[in-house]
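Both complexes below contain chain A, partnered by chain B and then by chain C.
Entry: the complex of A and B
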């Protein structure tokens, strides 16, 4: 049963299996294990980012395609929910329409970009996606009459998903309200999408993608249409990223350029994929969990360290909590050189 | 026994169409300028916009040329190129601020000397940084595009954060040197003096670069290396050294571009390089990776397009450049003047 659910792609390392199990249990029972607004918020963020990073890994780790437009697709899903909820009124139908429209639009745009750039040279894709994504981000913040501009949009989601909806008293320390339902909507959506991605990469389609990553010339010679496979992977990846964006929008009940479209999120995704391990879906789980936890708690540690070295030259500035990206950047470069397979690859090697 | 087919060499000239085809890209800039003249109602604003478009294009060209050569020569795609722009701007502007007494004086000579000192300082610093970047970041990942993109992106993040550590997170506002402030008036159109300087400087640099590439031995080796690196190495040239030299020169040019861009915008931030990189990528792609001429034409097109559209429909400025890129890639999928043969 479990083997079937995981599409036959088992962790293949005891340590990894234990860690993944712990992450799964922690996320599945987060509202009961770690009650509190902030920790549940962190858990929901981890769920969303696992899907987002896994979908990016489908492109980067399996397809060997570098894209810088993943936040754009993420944002399209988020804005899809936001716009439909604003314009169609509060309701499940608006949420569903928004999610589906966002995913379809993202896939269509990915198809167009792929058509232009993947046809010629795969590295064009990296540059073109960067250009398109920044143009879209600028456009979104400028078209304030539709998208709310820099301020973003706040909207209503179905009442059953808001804290105002209560269906009982607290249970094991968690309040039984709509927020709990919203968390489980995000969690199950993320789990479903992750399993679908796992299915995709372990299908014949995924195998061909890996072959193309290793040697596109030979794959073409064997008779696979490289461009079609690469474009297909891009579209699937974009659609899943958009759905992750919809989940995030449902959870936050707010979208804005900074929360769903900024380039910082793109950098976060890159870090998560590389540190977790490219070319393994489980790497996404490890990377997203590690990085989101680090973002939320590392800054506190760095603040302490910065105060500890006060008085020395430059060091306090280097350890300033706002400079955590510096250290993650160093970690990123080092991990590409020394652990190109990331945490997951390391754990699997030790078996 | 079969006879060899008859194909005696003919001396006929290629058709006019075939001979003109390589020249089409050069006609695009004048065409765009004429299109601007038609679309923009007032001639004086057209002139102002054209000059500022050309100035912007020249600055983008200075920044992008290094990147396109590095790619052409060694098949290295440097996503961290933008960081040299930021570093150049910060060093150059810091020097300019230190030379305050020279930039505040109303003498053009003193102002230009101060600018020259700032530019030299910036170019030295970014050249050295480029050398280090090549050594530490790029060298271990030759031949692997995927890793190059990721690693240079990581380098960009680290250096950008280091800028913030050294100069603080706030943006720095500055004023141009005294003699370069204000505008001169031609036929009723106000043209900022600084933009004229930028146009002149860009043109001089382009011609100098063309001269080096076409008429010197180093240029010959570089062009041959772009065409067929293995053959050049087989002839006994150490292409690796040439490449490091080009990388350093390209970084230094990016630093120069950074100083010019900082003075143009009158504000610098650590992220400025990353923002300009978007335009640089568009320029490099539509020009054809590895081609300096293509890069020049592409930069002018992007600069003019950006300024015309920003005047006509401000919200579409960045989108218009994407549109330009799409149009050119539909016409010539490898860019306007493709140099690198399907690497």
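Entry: the complex of A and C
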């Protein structure tokens, strides 16, 4: 059953299996294990980023396609939900319409970009995605009458997903309200999308992508139309990224250029893929979990550490919470040094 | 020589600023093994790659089974039934042996009987069926590379240096496999530096130099004439009595 759900792609390392199991349990029961607004928010973010990073890895790790437009696809899904909820009014139908429209639009745009640029060398595709993504970001901030510009959009999601909707008192420290339902919507949506991606990469389609990544001429010489496969991968990846964006928009009840379109998110995605391990869906789980946790809690940990070493020379300054980005950078360099194939690659090697 | 499977007429190929093939005329007879011979760097590999459409011919025509394939994309040429084995063990090392083989079967699933035959020809493939292709030894990779082309009956096999860098025992396995393919009545165009293998397998021979075909004829004729070999390829081997 589990083997089937995971499409036969098992972790292939005991340590990795244990870590993945722990992450799964932590996310599945996050509202009860770690009650509190901030920790549940972090868990929801991890869910969304796992899908976003996994969809990026379908392109980069499996297809060998470098794209800088992934945040744009993510943003399209988020803005899809925001715009439909703003214009169609609060409701499940608006949410569904927005998500599907966002995913379709993202896939269509990916198809166009792919068709025009995947025939040529990889670097051109990367450049074109960068250009299109920048253009879309500018467009979103300029068309303020539609998109709310830099301020973004705040909208209402179905009442059943808001804290105002209560269906009981607290249970194990978690409030039984719409926010809990919203979390489980995000969690189950992310889980479903992740399993779908796992199925895609382990299908014959995924194998051909891996063959193309290794040597496109050989794949072509075996009889596969490389451009068609690459374009297909880009479209699936874009649609899944957009759906991740929709989940994020449902969770946040707000979208803005900084939250869903900024280039910082693109860099985060790249870091997560590299830290977790390219070319393996499980790398997305590890990378997203590590980086989101670091972004949310490193400052706090450093604050505590800084206070603990108070009175000693230099150390309190080094550990000042304001220096958290420096330490994130150090962690990144160290992880590349010790895990050049990502955490998952390293763990699988030790088997 | 009637009804050839593959014909190249005045084929030119340019790679960047280099004019590699300078009017190649070549005929591959049906159901025979044609050896493509010549010194290093005379355009043998480029000829195979041009037939496969990897390098686009800048002049001339390439005809497969009566059909002009000069402008066709590589994937279409492969799907027309050309099995291509690149030089240097061209396998997909991230995939398993099984996945490598299944990918190469254009019709979806490999034919079990043919697979069994391939397992008898190349026993290591059965042993490492579910193993990662990248972990195979050099000889095993080359076996996989050739077996991948042989997984289906093809109209034509283009094989680039199948014995390069292999141990003698494995060269013997390769030669046996190619002979079996020949005995089935397949058409082969083989680039081969190992003259002993070429002599043993070839029906016809084509010798290239400087991007052109300089000699074409029976392999037996070339094998007999040491002077001819010396003149064409700079070879200095014992000619057959």
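The rule is simple: the second predicted complex is superposed on the first by the 310 of 351 C-alpha atoms of A that agree within 3 Å, B and C clash if a C-alpha of one lies under 4 Å from a C-alpha of the other, contacts with A are read in each partner's own complex, and residues count from 1 in each chain.
Please note the rule applied: a residue touches a chain if its C-beta (ideal position, glycine included) is under 8 Å from a C-beta of that chain, and two chains touch if they have at least 3 such contacts.
Because the structure is predicted, anything quoted here is derived from the model rather than measured.
Trainee: After superposition on the shared chain, which partner residues are touched by A:223: those of chain B (first), chain C (second), both, or neither?
Mentor: A:223 sits against chain C, while chain B stays out of touch.
Trainee: Please tell me which partner, chain B or chain C, touches more residues of chain A.
Mentor: Residues of chain A touched, chain B against chain C: more for B.
Trainee: May I ask you to decide whether A:207 touches chain B, chain C, both, or neither, giving the answer as first, second, both or neither?
Mentor: second
Trainee: Would you check which partner chain A:215 touches, where first means chain B only, second means chain C only, and both and neither mean what they say?
Mentor: second
Trainee: Name the contact category of A:326: first (chain B only), second (chain C only), both, or neither.
Mentor: Only chain B is touched by A:326; chain C is not.
Trainee: Check the residue A:270 against both partner chains and state whether it touches chain B (first), chain C (second), both, or neither.
Mentor: first
Trainee: Show me the chain A residues, by the header's touch rule, that chain B contacts in one structure and chain C contacts in the other.
Mentor: On chain A, the chain B and chain C contacts do not overlap at all.
Trainee: Quick check: in the complex, which residue numbers of chain A touch chain C?
Mentor: 204, 207-208, 210-211, 213-215, 217-226, 279
Trainee: Quick check on the complex: what are the chain C residues that touch chain A?
Mentor: 52, 54, 73-75, 78-79, 84, 86, 90, 92-95, 99, 102-104, 106, 148
Trainee: In the complex, go through chain B and note every residue touching chain A.
Mentor: The touching residues are 77, 79, 137, 140-141, 145-147, 149-151, 153-155, 157-158, 161-162, 164-165, 169, 274-275, 277-278, 281-282, 284-285, 315, 318-319, 321-322, 325-326, 329-330, 333-334, 342.
Trainee: For a test of understanding, state which residues of chain A touch chain B in their complex under the given definition.
Mentor: It is residues 60, 64, 66, 116-117, 119-124, 126-128, 130-132, 134-135, 138-139, 142-143, 263, 267, 270, 274, 314, 317-318, 320, 322-323, 325-326, 328-330, 332-333, 336-337, 340 of chain A that touch chain B.
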